[in-house]
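Below is a structure I'd like to ask you about.
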Amino acid sequence: MNFASDNTAGVAPEIMQALISGNDGFTLGYGNDDVTRGVERCIGEIFERDVAVFLVPTGTAANALALAHVSPPWGAVFAHEEAHIMSDECGAPEFFGGGLKLVGVKGVGCKLTPDALREKVSQYVGHAPHQVLPAAISFAQASESGTIYRPAEIAALSKIAHGHGMKVHMDGARFANALVRTNASPAEVTWRAGVDVLSFGATKGGAMAAEAVVFFDRNDAKNMGERRKRAGHLLSKHRFLSLQFAAYLENDCWLRLARHGNAMADRLAAGLTAAGRPPVWPVEANLVFIAIPKAVEARLKAAGARYYERSTESLPAGKTLGPDDVLIRLVTSFATREAEVDQFVALVK
Amino acid sequence: MNFASDNTAGVAPEIMQALISGNDGFTLGYGNDDVTRGVERCIGEIFERDVAVFLVPTGTAANALALAHVSPPWGAVFAHEEAHIMSDECGAPEFFGGGLKLVGVKGVGCKLTPDALREKVSQYVGHAPHQVLPAAISFAQASESGTIYRPAEIAALSKIAHGHGMKVHMDGARFANALVRTNASPAEVTWRAGVDVLSFGATKGGAMAAEAVVFFDRNDAKNMGERRKRAGHLLSKHRFLSLQFAAYLENDCWLRLARHGNAMADRLAAGLTAAGRPPVWPVEANLVFIAIPKAVEARLKAAGARYYERSTESLPAGKTLGPDDVLIRLVTSFATREAEVDQFVALVK
Amino acid sequence: MNFASDNTAGVAPEIMQALISGNDGFTLGYGNDDVTRGVERCIGEIFERDVAVFLVPTGTAANALALAHVSPPWGAVFAHEEAHIMSDECGAPEFFGGGLKLVGVKGVGCKLTPDALREKVSQYVGHAPHQVLPAAISFAQASESGTIYRPAEIAALSKIAHGHGMKVHMDGARFANALVRTNASPAEVTWRAGVDVLSFGATKGGAMAAEAVVFFDRNDAKNMGERRKRAGHLLSKHRFLSLQFAAYLENDCWLRLARHGNAMADRLAAGLTAAGRPPVWPVEANLVFIAIPKAVEARLKAAGARYYERSTESLPAGKTLGPDDVLIRLVTSFATREAEVDQFVALVK
Amino acid sequence: MNFASDNTAGVAPEIMQALISGNDGFTLGYGNDDVTRGVERCIGEIFERDVAVFLVPTGTAANALALAHVSPPWGAVFAHEEAHIMSDECGAPEFFGGGLKLVGVKGVGCKLTPDALREKVSQYVGHAPHQVLPAAISFAQASESGTIYRPAEIAALSKIAHGHGMKVHMDGARFANALVRTNASPAEVTWRAGVDVLSFGATKGGAMAAEAVVFFDRNDAKNMGERRKRAGHLLSKHRFLSLQFAAYLENDCWLRLARHGNAMADRLAAGLTAAGRPPVWPVEANLVFIAIPKAVEARLKAAGARYYERSTESLPAGKTLGPDDVLIRLVTSFATREAEVDQFVALVK
């Protein structure tokens, strides 16, 4: 019963197999190889667009490199106040971005809304040169609450951003989980809705350590190769990053793995709802949040269940935790099995 | 006949097997797992010392994180003018170090000598606060010319460094290749000779992407965890970094792989010497440099040999290239086979 | 009727005279002169303590240099969400601090309270290495609302800060204005109440461009000389910075100038209160904030009154602006004359 | 007999008078005043070009802000190895530039030559993304040796720079001294010869603390206002920077002051030559370098002469110091008097 994170799982068999198969022989380093070219082409096809692709080993690197590339040091990057980039990357965007400023925006379910974004951005207009300048917005698809943005929602945020000359960044650490839940294509939830740069995650989805920074306009990617290199994120035996991505994308592997993770989350949500513990936010990806009394918590822990508590100011209006309640986060993945879901639900009952 | 770099090889079978075997089940992320604890312990045993260990995926990251941690932004880091950190990391040390300054020192065979170091450091003393302050020295073991430092040489450099309050960093991207050539223990070529922090490489030696920053005094490592995280170099599925290192170190695998690489370099050197093309620098690790006429070069290229040309100002006194000569670098590795060495030698003849 | 800022005034006559008198002859540059030594000694005497002093030309430089010196790049600096360092220095603390993070705390009258501080700091504890670490608190004396902290208030904040290993920074751009209002000594409102480093402003008080970073423990100031130099804030003809400060401090000039500014603010407050427009926050320094209808505003503008509007979320509980009201900030200084105060009040009536 | 530096002098009377005269009344801060507008216009007229002007208090700030604005963090800035930015600014360009790299180039008399520049730049071409990229060249007019560049020399360097897509920066801390020696206009030695951005110094020339960053193409200056502000170099009582510059430029004051400094240097050079101690480099600005035996040195010191020793690798071919010689630097300024020049020469004899 490990629901601690989607990164507690190992590597999906398809991806491990690709690493094994691609290990033979010599290949030029630093991405000068055919597998890498193939991955770039493949990502372009998936997004129906000529894109610039940079593979890196971690999501923090992908986010920080992307944000630093679309914001000057005197830029403000607007994101939900509980976003991963705000509180879980130890200041990586600020470091990579030469001291750029992350500005937190409130919103239920860790989602940005047009009104809240507009209001916050307006505080950063008209005070030059005393204030940092609006440079980018960043939002997570799926969000830290497991909620997702529909294309129209993304388009509305992008419109505000572009109206202020800002770029739009999507943190897609769980992009696959979000995508398979929408009835939309990769293009529709990204550049067609105004996204300029995507952190396209594979690690949480089943890879070992592989993320892609995808620029939907090559002009935005100028010198990103230098930025990646000087951050130590250009792998010498780069083919092993590419092999992971190639296998992840081949034959819809990524979508299949994500669907499994989401299905496990649905099963968890259904079971918990039936047990009188409905999730506090809609379960739209592979994250389930419930409030449980400490007594139940103790029982779960004793039985070996693994998960993290979460504190949040992003609960839906009207929902509050009881004095004896804790909010817990349950994460499923490609590796989650029905049996452990059912065992967990039984324990909650 | 691929002698382009030791990173054109794949992953050594022992290490790939460890990745496969360690893939089962769930493990906490970010290094909070038993394999990681084991690697830390093992590195401590190898170096006969309580050490602080931080695993990262690239050598550039290891070097830049280490240097930034031992030098303030107003620090000068002295290194050979052709060192990897000077010319091949796109300014990573400067970026990680908040604008620290790398100061190049001349020396034959890409090696620092006490005299040259002392002379250069003296130019940075006595002009505070107008000049950056001596903060660290960095040298590569093995060097970019494939030469190595004996313990007494290291001790002499360290003494100068420590005398100025500087820290000593060893870039050990090819640490194993250097070590097996000395008649010394890991401790003797590092902290016993004054080294404070080591970039302990495994990637070139046969891993997929794994390097360790090793501090020989835990006090020097304070908050390195935060530095690594905000650089995006803390892997979420960290066990796969640790599995690589564990297998690399187990049963002297690393030394065995390095001995093979060195033996192939020796074979190459011997063959080339017999062919009238003796290496320009002593072959002490897995790098062989020879000067060849362009005509021979064309023949090699035509036969599919892979290697890089190198320009250098680090030739031994008296050695110069003829007007028609090019200097080429040949790198062997755990994956180099005798047959390709012999084929190459035959072509040169 | 210029109430736009205390920096719209010129230079106090005593200070201008010192610049003229000190202009003769040759003096070593970069602070290696007797006047500078005298200023350092004088500041030590005023604060009854051995201090380290660094003169710089701007308040932004003083704040950013001080904060960068007490926080690592992975540090969090807690300040009121409307503090000058948060919104009016274009990211200077983040730039100087290598990407440190400013964390905003709410509070009425732009003041930090122990409860709000404790609550916010608690969110940054226990998540290493994923989150930036509590490094410092910073508060303005006087605050951006013109309110001041009493020694006991400062001590309470310092206790929390020191309890978390954080340093305490006071932004004293209007230190004199605050000081003359308390019944306390410079020592009592600073280091005796736990302040570690002070931005001691003279510019707003009547100097041309002179601020002092004052460390109350010399150990905290190590290498600050290098930090200042590499930021371009070590003046070559440094004596002119020192001459300003020497004159500012001589014969209680600074206190006399501040008392005048405060008296003008009091007169303004009294007149406006009598006119039915009482200040929204207590007038404790040289800042007066009132809410006025747009019609009155138009009248003031037409008569040539100069001031800035201010938006704030820091109003006292229960106070709100009417739909037709604007909040305006009125700043007095050593140069404000009674006549213009009275003229302004008359216009408001 | 103070020849230590041109910054040991005070403020020229014309400039001090302007500060006094401009002190009356209220003026908006941060450069939003008429005097500042006038200075911008005046600089444009002097250079016969629409320019963007940013006033700052120090030369280090001017240089570092300018270089950071024309080079990305992964850029290489080529300068003479003994340039002020290389060794006397404590890493300011690297700090402001997010870790950019200064690359030293050799040359007699601290001057860049086309051949040396071309050769060094060529080492930074063709290794992307492993190496930093050529971004800018920087040279001092006058140089640290007191030599100057003629328009044709500047044009030759600029041509190389622009051919590699690099910008051209001139460090004009002693711009006036250089200018009055050439038979050329301000435009001819700057933008007409290819200079993109100039640090136009007034401090050494007679101001208190005032330098201007001048961009000859407004497009290159975009967001420089933010960069200056976040570096703490936007003065609040900005008029006092502008007043200095206005007076400096008015009625050719700057040229007159520079001519005096140069004339004093000429007198010194003539006297020393007659005394058998000819300057080691041509005296083209206000700097005179001579080699003297230690015995003479002792005599000068005893008589109270002030100057600095200098070590250099930039001597003309064939010139070397005797074992008992020291090289000393003598700097004249607007404040140098004939009597002290003659006294010094007499002592050397």
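To keep things simple, chains are lettered A, B, C and D as they appear, and every chain counts its residues starting from 1.
Here is the rule we go by: a residue touches a chain if its C-beta (ideal position, glycine included) is under 8 Å from a C-beta of that chain, and two chains touch if they have at least 3 such contacts.
Being a predicted model, the structure only gives us computed values, none of them experimental.
Peer 1: Strictly by the touch rule at the top, which chains does chain A share as contacts with chain D?
Peer 2: Common contact partners of chain A and chain D, which must touch each of the two, are B, C.
Peer 1: Where centres are the averaged C-alpha coordinates, which chain has the largest centre distance to chain A?
Peer 2: Looking at centroid distances, D is the chain farthest away.
Peer 1: How many angstrom between the C-alpha centroids of chain B and chain A?
Peer 2: 35
Peer 1: List the centre-to-centre spacing of chain B and chain D in whole Å, with centres computed as mean CA coordinates.
Peer 2: Spacing between the chain centres: roughly 41 Å.
Peer 1: Going through chain A residue by residue, note those that touch at least 2 other chains and give them in order.
Peer 2: 73-74, 89-91, 95-96, 98-99, 129-130, 132, 226, 229-230, 234
Peer 1: Under the touch definition given earlier, write down the residues of chain A that touch chain D in their complex.
Peer 2: Within the complex, chain A touches chain D at residues 30, 72-74, 98-99, 128-130, 132-133, 223, 225-230, 234.
Peer 1: Which part of chain D faces chain B closely enough to touch in the complex?
Peer 2: Against chain B, the touching part of chain D is residues 73-74, 87-91, 94-102, 123, 127, 129-132, 311.
Peer 1: Quick one: which bits of chain C touch chain D in the complex? Just the residue numbers, please.
Peer 2: Where chain C meets chain D, its residues are 2, 4-5, 7-11, 16, 19-20, 22-29, 56-62, 64-65, 89-92, 94-96, 203-204, 208-209, 226, 229-237, 239-240, 306, 335.
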